[in-house]
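Sharing a structure below in structure tokens format, with a few things to ask.
The letters A, B, C and D name the chains in turn, as written, and every chain counts its residues from 1.
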Amino acid sequence: MHKTYILRISCPDRVGLVHEITSFFKQYGHNIIEIDQYVDLHQSRFFMRIAFTVESILQPAKTPPGSSMIGEGAPVLAGGGDPLASLRVFMNELNSGTEWDLHAADRPIRTAIFVTKESHCLLDILSRSIDGELPVEIPVIISNHEDLRYIADRFEIPFEYIPVHADTKSAAEIKQLEILKQHNIDLAVLAKYMQILSPSFIDAYRNRLINIHHSFLPAFPGSRPYHSAYYRGVKIIGATSHFVTEELDAGPIIEQDVIRIKHSDSIEDLKRKGKEVEKNVLSRALWYYANRRVMTYGNKTIIF
Amino acid sequence: MHKTYILRISCPDRVGLVHEITSFFKQYGHNIIEIDQYVDLHQSRFFMRIAFTVESILQPAKTPPGSSMIGEGAPVLAGGGDPLASLRVFMNELNSGTEWDLHAADRPIRTAIFVTKESHCLLDILSRSIDGELPVEIPVIISNHEDLRYIADRFEIPFEYIPVHADTKSAAEIKQLEILKQHNIDLAVLAKYMQILSPSFIDAYRNRLINIHHSFLPAFPGSRPYHSAYYRGVKIIGATSHFVTEELDAGPIIEQDVIRIKHSDSIEDLKRKGKEVEKNVLSRALWYYANRRVMTYGNKTIIF
Amino acid sequence: MHKTYILRISCPDRVGLVHEITSFFKQYGHNIIEIDQYVDLHQSRFFMRIAFTVESILQPAKTPPGSSMIGEGAPVLAGGGDPLASLRVFMNELNSGTEWDLHAADRPIRTAIFVTKESHCLLDILSRSIDGELPVEIPVIISNHEDLRYIADRFEIPFEYIPVHADTKSAAEIKQLEILKQHNIDLAVLAKYMQILSPSFIDAYRNRLINIHHSFLPAFPGSRPYHSAYYRGVKIIGATSHFVTEELDAGPIIEQDVIRIKHSDSIEDLKRKGKEVEKNVLSRALWYYANRRVMTYGNKTIIF
Amino acid sequence: MHKTYILRISCPDRVGLVHEITSFFKQYGHNIIEIDQYVDLHQSRFFMRIAFTVESILQPAKTPPGSSMIGEGAPVLAGGGDPLASLRVFMNELNSGTEWDLHAADRPIRTAIFVTKESHCLLDILSRSIDGELPVEIPVIISNHEDLRYIADRFEIPFEYIPVHADTKSAAEIKQLEILKQHNIDLAVLAKYMQILSPSFIDAYRNRLINIHHSFLPAFPGSRPYHSAYYRGVKIIGATSHFVTEELDAGPIIEQDVIRIKHSDSIEDLKRKGKEVEKNVLSRALWYYANRRVMTYGNKTIIF
């Protein structure tokens, strides 16, 4: 039986890395079907993504303590008797400072979606997941308002209503984190969730928390970017999906896109045109993430 | 003999304006060939651009003291015995608070180009002007460096070398302004001119001074925007042409465009890709301006 | 009570038209809030769209026999005692060869959606309609397969399964037309409906039948355009929404858009990237149509 | 002394290729600075581009008889005593059916430009070459009209006027080919050259003859595409640069781009907007070519 895996590596660059890694795959007969690499010359750091197939029956196992992560929860393979055990040993010995992870390509990302009142990003993600385009499982939708419960109902996804007010925010976040844990969530998506999360929440989902911001960052961070764009008189508006960090709208950017506007467009027109860009940009970012094509370093992303 | 004129009007909005204006044209037999209008509902202000033909021989005359300007130097028509005299009277009586101007469509904009060392925007403007696409005359190129003199020579355009240093800046600007006056310049274009102009210079060419900035404003104003874009990790870069105002890179935007970049693009790649966007954006802005399609109000432009 | 209407006019061009039309509105006190016009100089034809408000209570009435249509079913206003009666008289007397229609702006377009197995366009239309962006009512979804019934169920829209085979096609179309009539459908949308309709069906919904084709027409008409694009080695793919005419994929184009592809993209990648373009292009075309912004003449559209 | 070379390989795919090639580079101490590869799964063919540096003084030599070419004239390195001799031996023994070539990265492409009357593409190429963006040498401009001689003069490039008429076409082509040979031309660019070349000319410059076509191919091949686009009523126009083959406008596509148009745009507007796209698309194709980033197989290109 063939099974496809994805290996991602981030390590200090040095001569011969590609050779050593491809040698390992050749020696063990793993068939490489896709390989991407990139060297950041400023930081002298090497990044690689390899999709490969293994001919064998595998036993999924617990996360080994020695492996490190890039942008994602837990490696899905490990343990004794595993045909990938040699690969794990090889990776752990590759380089000092190496970060790597390994995923079964057919394991969907368990994704929680946070929303407030706007439905377009939520509906686009749901639409792309039910037709198989987006390899995600969505076990829960979380919202600080009841408005979008009917959509969750239509798609038969549990809807958790957790109101958030200034004085209940900490308690609300504790409840949100419990729900994420309970559903074994890999990735939380803020699909027009109009609340700012605390540093401890952000830290718990470091590089696993994606937001859509309705401007072409770094232009117009913060609230009401379409109003700002209108009054500034820009000729093009945009949207940005990014990992959430402690600094508002300043995390690593995954995807951006834009749309041209006219002087006659009102703020309402900007919102309408922008919605299409927002949902496309967020869904594309999820596609990259769910296919393990996003690697993060410093405040930048590599999209393989 | 048919001759085409362009009338631009900016005035407080009120019921019946289109009717009254088109009535005038019908009554005097001026044939409207293109008409654009826009009402800013926030400011209750009406904007219109009419291109029309007149059958008669006209005597160009001096600028009448009573007419007002929109974004440009001097109306080209006026004076007694002029078949457009009635139009001038009509416009002056139209509305309190009306600004208007009137241009012969075949009169090219006299344009001075300021450069420093980079040639791509200059060459694109020259290329588009010699094949008739851009209806401009370029009587002079001004630079604070000698580097691009050879281009001016090749296109047989006078090149004025005016070095600018901290202590000579005022004197340099006086000389620049003299040259502009001497050449009867309608429009000054900063085509990668790497100096900041003083408020008095800016004021003298209010709405007649266009800059190209190599970022998608308001993102990355000021110096080294490609470096900033690289370190911020944006996925798209852009360029912005705008009227120069006292606040750096904050004047009314005329045109913007963008280009997608990859994580593997270096700062040099960004510069190279950006150059194409810069020159296109600046040349398009000049095309709009030279065809009297740009109207300015507050900090925004209307592009008809 | 204020109520907004949209008037569309297509007629032979002549001097003074704008003046006459705006005079009428001024005389009757109808407040113009948006006006667009265009003159096709090749065909000497004048097109206008006016959005205006009327202060009065109106009695909706039946379609008058004398009015003509542009791209749509039935004018929504007419009849004695109607404050718009004068407008109708004025329009009928305006010009020989005038086509015009008049709509209450708040009347949603009754839209039937035809699908086969692919859900992305259907879901995008439904998503945009439930959040109020698209002013359409969708009383029925028609399909030649059962695959997408579950989506109709989730959105509580009647789903009509009408299988189509070579020998049952005529009967199927008769049934489809009955359903459209029974639901009083203004517009039929082929949202990835993989059947070719007969000339008699097309004629019954002339300029009220919109298709999405998954190529940048006129490139790659007919079946399997992504395969053709892949083998031709194009660098950009696209999608086209157009009115259906008797000639396959050759009707008036309403909207198009494109997306860049890479040499490494497989046919599956093209399909995935193309789906986003397809749904955006179709939904934008519906938005234009539903806001009565599409006018058709010859084989072209005007998008106001 | 460091010197950068570019190696391109096209060969039947098999397991271990990347490993073997990178092993060679590691063994000989050549430092890989950029590596791109692609496997066409349909054709089971492997493509690679490696940029690498060698520390040594090299003697340029004649083209060895055994090496094969990909899209370009002659390898620039070979011969006994050459530190790249081992690489040549390795490449020649790599695989049956391997095509490869090797270039010094700093050797500019010797490029001849063919024009007729339109200047915009010519001027854009010249502009990009004089500021160092395009690594090309342009020893000659060839034209069937005298119109653009003044541009050649301004840039001090020999201009060869070779009129072409139905009865002189063969003789004209013989003269053109002599000029190309005499100037040791690597690449001929048809920068709006409005003549169709004969199959024997095309064959002599197979994969070294680039054309710009003013449509988004395969839409609107042949003459007057802007007229066709106007009458078809498309909403977007484009341009395509491609290698010239015997079938008109059907050769391998290198680059394409598009621009949005409006219903109000005349054919003249389409031409004006299209010119910008044409020159960008052609100059980008030249950049890819001149940096040895274009590989051709069948009727497609790989752009590394």
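Rule of thumb we're sticking to: a contact is a pair of C-beta atoms (placed from the backbone, for glycine too) under 8 Å apart; a residue touches a chain by one contact, two chains touch by 3 or more.
Since the structure is predicted, the reported quantities are computational estimates derived from the model, not experimental observations.
Engineer: Looking at C-alpha means, what's the farthest chain from chain B?
Structural biologist: Farthest from chain B by mean C-alpha position: A.
Engineer: Sort out for me whether C-D or B-C is joined by the greater number of C-beta contact pairs.
Structural biologist: C-D
Engineer: Examine where the copies chain A and chain B touch and state whether the two sides share over half of their residue numbers (same) or under half (different).
Structural biologist: Over half of the interface numbering overlaps between copies: same.
Engineer: How many angstrom lie between the centres of chain B and chain D, each centre taken as the mean Cα position?
Structural biologist: Roughly 37 Å separates the two chain centres.
Engineer: Between chain C and chain D, what distance separates the C-alpha centroids? Give it in angstrom.
Structural biologist: 44
Engineer: Find the geometric centre of each of chain B and chain C from their Cα atoms only, then give the gap between the two centres in Å, rounded to an integer.
Structural biologist: Roughly 39 Å, centre to centre.
Engineer: Two or more other chains in contact with one residue: find those residues in chain D.
Structural biologist: As it turns out, chain D has no residue touching two or more other chains.
Engineer: Quick check: in the complex, which residue numbers of chain B touch chain C?
Structural biologist: Counting only chain B, the residues touching chain C are 15-16, 18-19, 22-23, 25-26, 31-32, 35, 37, 260.
Engineer: Touching residues of chain D toward chain C in the complex: what are they?
Structural biologist: That would be residues 38, 41, 216-220, 231-236, 238, 252-258, 262-264, 266, 299-303 of chain D.
Engineer: Within the complex, which stretch of chain C touches chain A?
Structural biologist: Spelled out, the residues of chain C in touch with chain A are 118-120, 123-124, 127-128, 130-131, 133, 154-155, 272, 275-276, 280, 283-284.
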